[in-house]
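What follows is a structure written as structure tokens; I'll ask about it next.
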Amino acid sequence: MASAPSKLYADDVSLLVVLLDTNPFFWSSSPLPFSKFISHVLAFLNTTLRLHQLNQVVVIATGYNCCDYIYDSSSATNQSSGTGMMPAFCSNLLEKLDKFVTRDEQLEKGGQEGGIASSLLSGSLSMALCYIQRIFRSGPLHPHPRILCLHGSPDGPEQYVAIMNAIFSAQRSMVPIDSCYIGAQNSAFLQQASYITGGVYLKPQILDGLFQYLSTVYATDLHSRGSLQLPKSVGVDFRASCFCHKRTIDMGYICSVCLSIFCMHHKKCSTCGSVFGQAQSDVASTSNKRKTPDT
Amino acid sequence: MPQVRIIARNFMDMVAALPAMKLDHLYQNAFICEAILRSLPPLAKKYVIQMCYIEETIPSKSLEEWVLPDGLSKHRVAIDRLLQLRIFSESFDRSTGTSYRLNPTFQENLQKLITYGAVLPREPMPSSVTARLPSLQELENYAMQKWECFLLQLINSAQAEKMTNISPSMMRIFQRGLLTQRDKEAPRLTESGFQFLLMDTNAQLWYIIREYISNSEEIGVDPADLISFMLELSFHETGQAYNMNTLDEIQRSTIKDLADLGLVKLQQGRKESWFIPTKLATNLSVSLTDSSSRKEGYVMVETNFRLYAYSTSKLHSEILRLFSRVEYQLPNLLVGAITKESLYNAFENGITSEQIISFLQQNAHPRIAERTPSVPENVMDQIRLWETDLNRIEMTPAHFYDEFPSRDVFEAACDFARESGGLLWEDSKKMRLVVNTEVHLQMREHLRRQK
Amino acid sequence: MASGQVVKKAIYKTSIKDPGSPGILKMSGDRLTFRPKDPNPAAELDVNFETIKGYKNTKEGSGKPAWLNLTNDQGRSYIFQFDGGYADMHICRDFVGKAIAKSGETTKAAPAKPDVIITPDEQINREELELRIKLLREDSELQKLHKQLVIGGVLTEAEFWATRKKLLERESSKKQKQRMGFKSAMISDIKPATDGRTNKVTFSLTPEIILQIFAEKPAVHQAFLSFVPSKMTEKDFWTKYFKAEYLHSTKNAIAAAAEAAEDEELAIFLKHDDILAKEARQKIRRVDPTVNMEADQGDDYLHLPDHGIFRDDGKEVSEPQYELYRRTLAHDLNRHAAVVLEGKSVEVELEDTKTVAEALARSKQAELANADSDANADQEQLQRVSRMTEIEDLQAPRDPPLALLCIKDPRDYFDSQQVNAVKILGEDAMGTAKRKSAANPRDAFGSLRKCISEVKSVGLRDPVVSSKDAFQVFNALTRDISRTKYDVGRNSQDSALDMLPNIAKEQLLHHWASIQELLRHFWSSYPITTSYLYAKVTRLKDAMSQIYTQLEEIKKSVPANHKQQVSVLVRQMHQALDSAFQHYDADQQKRSAKSSQRPNGYV
Amino acid sequence: MNNGDGKRLNGEAEEEDEDDLDGEGREAWERTYTDERSWESLQEDESGLLCPVDDKILHHAQYRRRLRSLSSTTTASRIQKGLIRYLYIVIDLSKAAAEMDFKPSRMAVVAKHVEAFVREFFDQNPLSQISLVTIKDGVAHCLTDLGGSPESHVKALMGKLESSGDSSLQNALDLVHGYLTQIPSYGHREVLILYSALSTCDPGDIMHTIQKCKNAKIRCSVIGLSAEIFICKHICQETGGLYSIALDESHFKELILEHAPPPPAIAEFAIASLIKMGFPQRAAENVISICVCHKEAKGGGYTCPRCKARVCELPAECRICGLTLVSSPHLARSYHHLFPIMPFEDVAPTQHKLPKTCFGCQQSLLSSGSRTTLSVTCPKCRRCFCFDCDIYIHESLHNCPGCESLRHSKSVNTAEA
């Protein structure tokens, strides 16, 4: 009421949720050392906060065994004065991060198979979306949220469904998912995520210039995106590939029960084990003979 | 409409207005850089950021590459703003056309800001010295109440009470524009004064500060210094205590004045005295755009012209009184009605219907704020209508003639009046007519001649 | 081909059972004649197409012999079985079709387009023809198509229209096929229109209402059948009826009795409807035994204060002799409800009372007939009733069992994406080869933590990026942007067609349309199950192959500045056609491979 | 008259409200409040100040919703769903639909929410199709043919909003039955009847029609706007559909949205079968071609892999060769129906070992002041969530942040999945 805190909102006030990949197995093999990486990122976060005193930054660590919030500018206290060595918030962010990594290590059971294991992107993504929903709930005036995935680990197949769900949910609530992928080969997950939610997918070529990428592309607030041309995410090929031979197909058979894809006709669905009636192909054609396209 | 609006928009225009020398001087201060950065339009911000580490000049073409066709206007605005603030320096050469580069001092400060964060010239005082500091909430209330009481001063002074505890320097500021004090009689609010009351807090704040600065300019204080000080102040952390000794003479006096407005809270310890910046102070460097500036509202207007205000503040009730008739006042609810009369005296005070409506909309209670329109159409229309009513009737000084000796005299008079284009009204039965004043004299002449 | 004549050897049957008599069927101009081999006057035939109303024919591949069944306006039918099999049959059928159409047009002097030939295969009726003609007249494009394909003999009329059922339906849907149920409004609500001065009242009757009256008041129905027109004219039948109704509405039983006394027809309307009573008794027998039908004084709430129905108020004369003449709303309601529920069973178009009455009578007979015939159906209905009237709390939840699902491994779902998503980005092979991660968990985590603490102690690197890198990156991005922009800028959102000169556009669209049409038929006729389909496909194929050349011509004809676009468009069409041909050839090979042992590709 | 004794005036004010209420002829401004009678929930704090109405009501609403989602998911733990649905929405436009008990009128309300529903439906079932049917004057009309684009349906419906005559369930069912028997066997055949009338005037015995539908495996559901009717209930029981009566607009909305997620597949009906589908590639922007949908030569669009025809958007059925064209995300959209998440369990606010904040959104779970904020926990990962997250997770996100962000729980997950 009378003593209500007066909040001001400009069109470009934004909530930036950063998903930080802290998968140790990736970093230990990455060309860009984590220390460099993090300092780029911190600098970027700092600028974002500086751009508007209402800008809000939330950082979620995407660990190998767990995910957790490691920074939230809205809850954090002293922001203004720094120790002089680095912006104030950085120090307590790093503090949290350190704790997080330790916890992550404790959870480690070992026995991770060859190759770089994936980190729990689906988890952090889901958390980010929950947080953003909370912002939406906070009332008619809220910062414009967007998600930025700073990711390097390869995709984890077992997360696919979860991540897809998250992506669609984000799309529904019109939250763009930007993704900056610093791993070796491109990430199918993030490409789809950015493509579907209208975010930007980039794979920086010059890793030392990471900050420049961040500040040039990802710093753009949603309001300005209306008037700027950002790098178009590469058109993702939406052809599927079959479960049976894993080859890309442009025509295939779908199991009506579990929607798994096959390149040829099977008697029985290998995924859900249901046995098929007669081949649908002729049913289809006869059906569309009946079903008549109006010209 | 009201000039007040235009000037009160943003504090930064003022900075922009400063001469080149001064600007460059200002940019020495990291805080000003940040404040300026915040105040920029979104696109401009982005440009600055992305050029923050680039020392080469960037051809304008490569910037435009990024702009979508319908973003062009925004783009230009941004660039102009940057040039105006001398953050971009323009250079031209044959091959690449015009190209920009970031103002070196600005750039340097920005980089510092990014890597090291901003460092205040003065440390907050250790809690050992300052016994107990007011909590943020208390502080906020303090600021609010301070600010309100200052506004009340304005209103009350209009209601012919004598100004209390406002320093003369502040008083002088009100003299500029808000109040008119004719000799002898009590100071009363000017039109802009009334409009001022209906503005939202930040607009008011900026207005006052601007006035304050330009005022102090007359005393011979360098506005640049003031500005930089105030901006700096806005970055002090609210609720922390800062030692007065860290301030120089001028700053100290300024702080005192600002304390009157509730931007800072002064406290006296055993030996040192210190100031505690409040929320108002931090708002100084806030960038503001139209969609922005929202307080939690408290007013509900119903289609039957009733108006409920859930508020405890005296100020609110006073402001509402400006244009509505208050019917009940509960401890935290005020029930009023918008009536023709109440509006009329608002209009007389030079408040426009638009201001009233926008006020009602800006302060709409959250319950109805999400409805559109938050103020019922019929009320809005009626308010506008009543305003136009005022402009409908026009007065012309005139003279009334009757008791003509004879009809033909009357006829003649009418004709004469008609010829001289001064006939306003005639009643041939009762033999009366009304002519406007210009014609009056000739008319008299004419009638004399008749005799 | 519309005129000329057809002569075929065929067997003429009068009915399906009839072995029939072999002979020569000759169709020419406007009549068809049949000469049996062995002189048999009964089998002699000479029919004018005027009289032929429609016809059926056995479906190809249905296994039945090739029969063509013509029906004339008396509902009599001539069946011909063709020795030449379906080929002959089709020819004749088409001929007949055209003939009918022609005669139809001539009789109906409708300015039909001369080139419209109607050769339907299933039962075909006049208004459908009308419809088609109408459609063609309205839609010039359709007409062009029709001219080209049907008259060009690529498609048969039937095939052409088969794909346009929707269109036809939409047209015909204006006059709807569904029958309406009885209005839930009661007839007794038809209030007489009184003109103030005289006490003469006028009721307005529609066949609708009449039907309802008959349905609800069997007695009246009876009476109508028996009296009109033998004893009285329809008009004064109704006047009597409404007089009675009026008396009822006055609730004056005595008056009613009096009236009834002097006029026995009137009495019929006034007395209770005994037919109803009978039916009621039957019904009671049917009612679910669990329902308690016993009613005693205690159940009669009608006489309790402030009970009963408003419309029955007024002086309740309870003298027994008048009882006969009282009718409560309850009766009406029940009866009405009953009728509405059992629904309308009269198909006839309601035009005049007589027919209505008869139709109703007929249906009544039918009902009675099967009523006593299927007592068992009656029985099962009884069960249903009892089940329905069961108290639901006592019913077991009758949700059917649900199909269970077990997904073995959700990973598959991902693989269906990842593979190509990675591929299309032209990954270098070694990129995809998984790099062995350096260390065991401990070292990995250790190094990570070291990095963090390092940053913590040292702080951020200054400058974060070297000016050189920054500049380089920025330029790279800008270049990237300008490239994408160029691409986007190239395609204008408006249809490229509009830029073409009109003639070219016309031609293109026309060809495109016809290609679409052909392709649609082509694809829809796969897989080829019958020789008929096979023939059709081949026909289509030939037709399509001709189009190629035409397309080429278009390409030449257009002015140079549009060549590029047009050629692009044309290429698309080519592709479409090519794909069709590929499919055709592939199918051919399969079928030849399969049918090497069999004489020809299909059964 | 202004500032006097607060209490007394306070009383006055409330009386004022009272007679405003009782006044029979309601003023416009009164009517705006009659729906939510805000003053009834007015509260005074100890010092007699009017304190803002707290949103208990809202919380209850959420709670109801939550329970609903629970009941729907508990059964759906691991069963097949009708992922490919052919749904006929039958809208009753008999004169009963003009009733004003829903503001402004039943049909207006129905239309409004049908629009919302159609969009939601296609969002959840990208591979499915809808068609609209209206009942009027005792006859059913097919308003739109089965199709996959929400816009066309919505437009058609909005055009056709006038009511008259009786309504006939039988005619409607017959019509729909006629259409539905034509669709391929793998499709789940459904009818959703939005029924305003209290009676049905049928040309024949509706029981037969119902049997017909049952045999044709058509799942009929009814949402009534007036009162429960035996025959509707019967239809739903017979065909395994849902029957529900809307109390008010918001309730109606909830009810209709319940039909958006795919229904569980009934064992005897469920026929697994392979459906031939095409995964067209998006054509390059500069390759123009005439599209089958609107006969315009445009760049972009998708080319049918079988017959090379060009369609503008997916999912669609190729007009030429009848091949169903989809993109892999469309399939992915339906996956969450295959892997539903467990409903969360309540946590008694008394438990002390509760974490302070919601695992999802970091909102504080500590009971604030008088109201105790309820929280729930995931049975698998034992994380606590706030109410809003619970709803969001179950209704939109479809995966549990807790489980997703734990490696070993995940391995469990896949094992039993």
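A, B, C and D label the chains in the order they appear, each numbered from 1.
Everything below uses one rule, namely that a residue touches a chain if its C-beta (ideal position, glycine included) is under 8 Å from a C-beta of that chain, and two chains touch if they have at least 3 such contacts.
Chains and their UniProt names: A = General transcription and DNA repair factor IIH subunit TFB4; B = RNA polymerase II transcription factor B subunit 2; C = BSD domain-containing protein; D = General transcription factor IIH subunit.
No experiment lies behind these values; they were computed from the predicted model shown.
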Which of A-B and A-D has more C-beta pairs touching across its chains: A-D
Most central chain, Cα average position: D
Distance from the mean Cα position of chain B to that of chain A, given in whole angstrom: 44
Cα-centroid distance, chain B relative to chain D, in whole angstrom: 48
Centroid distance [mean C-alpha coordinates] between chain D and chain C (BSD domain-containing protein), Å: 29
For chain B, residues contacting two or more additional chains: 50, 53, 65-66, 114-116, 310, 332
Shared interface positions of chain D, touching two or more other chains: 52, 80, 145, 265, 270, 306, 319-322, 328, 331-332, 335, 338-339, 414
Set of chain A residues in contact with two or more other chains: 1, 43, 85-87, 90, 158-159, 161, 192, 211-212, 216, 229-230, 237, 239-240, 257-258, 261, 272, 281, 285, 288-289, 293-294
Chain B-touching residues of chain A, taken from the complex the two chains share: 1-12, 43, 46-47, 50-53, 78, 80-88, 90, 139-141, 211-212, 215-216, 219-221, 223-224, 226-230
Interface residues, chain C (BSD domain-containing protein) side, partner chain A - complex: 142, 162-167, 170, 403, 405-425, 427, 431-432, 434-445, 447-449, 451-456, 459-461, 464-466, 469-470, 472-474, 476-477, 480-481, 484-485, 513, 516-517, 520, 523-527
Complex interface listing, chain A residues touching chain C (BSD domain-containing protein): 22, 24-29, 33-36, 38-40, 42-43, 85-87, 90-91, 94-95, 97-98, 101-102, 104-105, 108, 110, 112, 114-117, 154-155, 157-161, 184-186, 188, 191-192, 204-206, 208-213, 216-217, 229-232, 234, 236-237, 239-243, 246-248, 257-258, 260-261, 270-273, 281-282, 285, 288-289, 292-295
Parts of chain D lying in touch with chain A, wherever the complex brings them together: 52, 80, 83-84, 123, 145-146, 182-186, 265, 270-282, 305-306, 317, 319-324, 327-329, 331-336, 338-339, 358-363, 388-389, 392-393, 396-401, 404-408, 410-411, 413-414
Residues on chain D engaged by chain C (BSD domain-containing protein) in the complex (per definition of touch): 75, 78-81, 137-142, 145, 166, 168, 170-171, 174-175, 199-205, 207, 230, 234, 237, 240, 264-270, 285-290, 292, 295-300, 306-310, 319-322, 328, 331-332, 335, 338-339, 414, 417
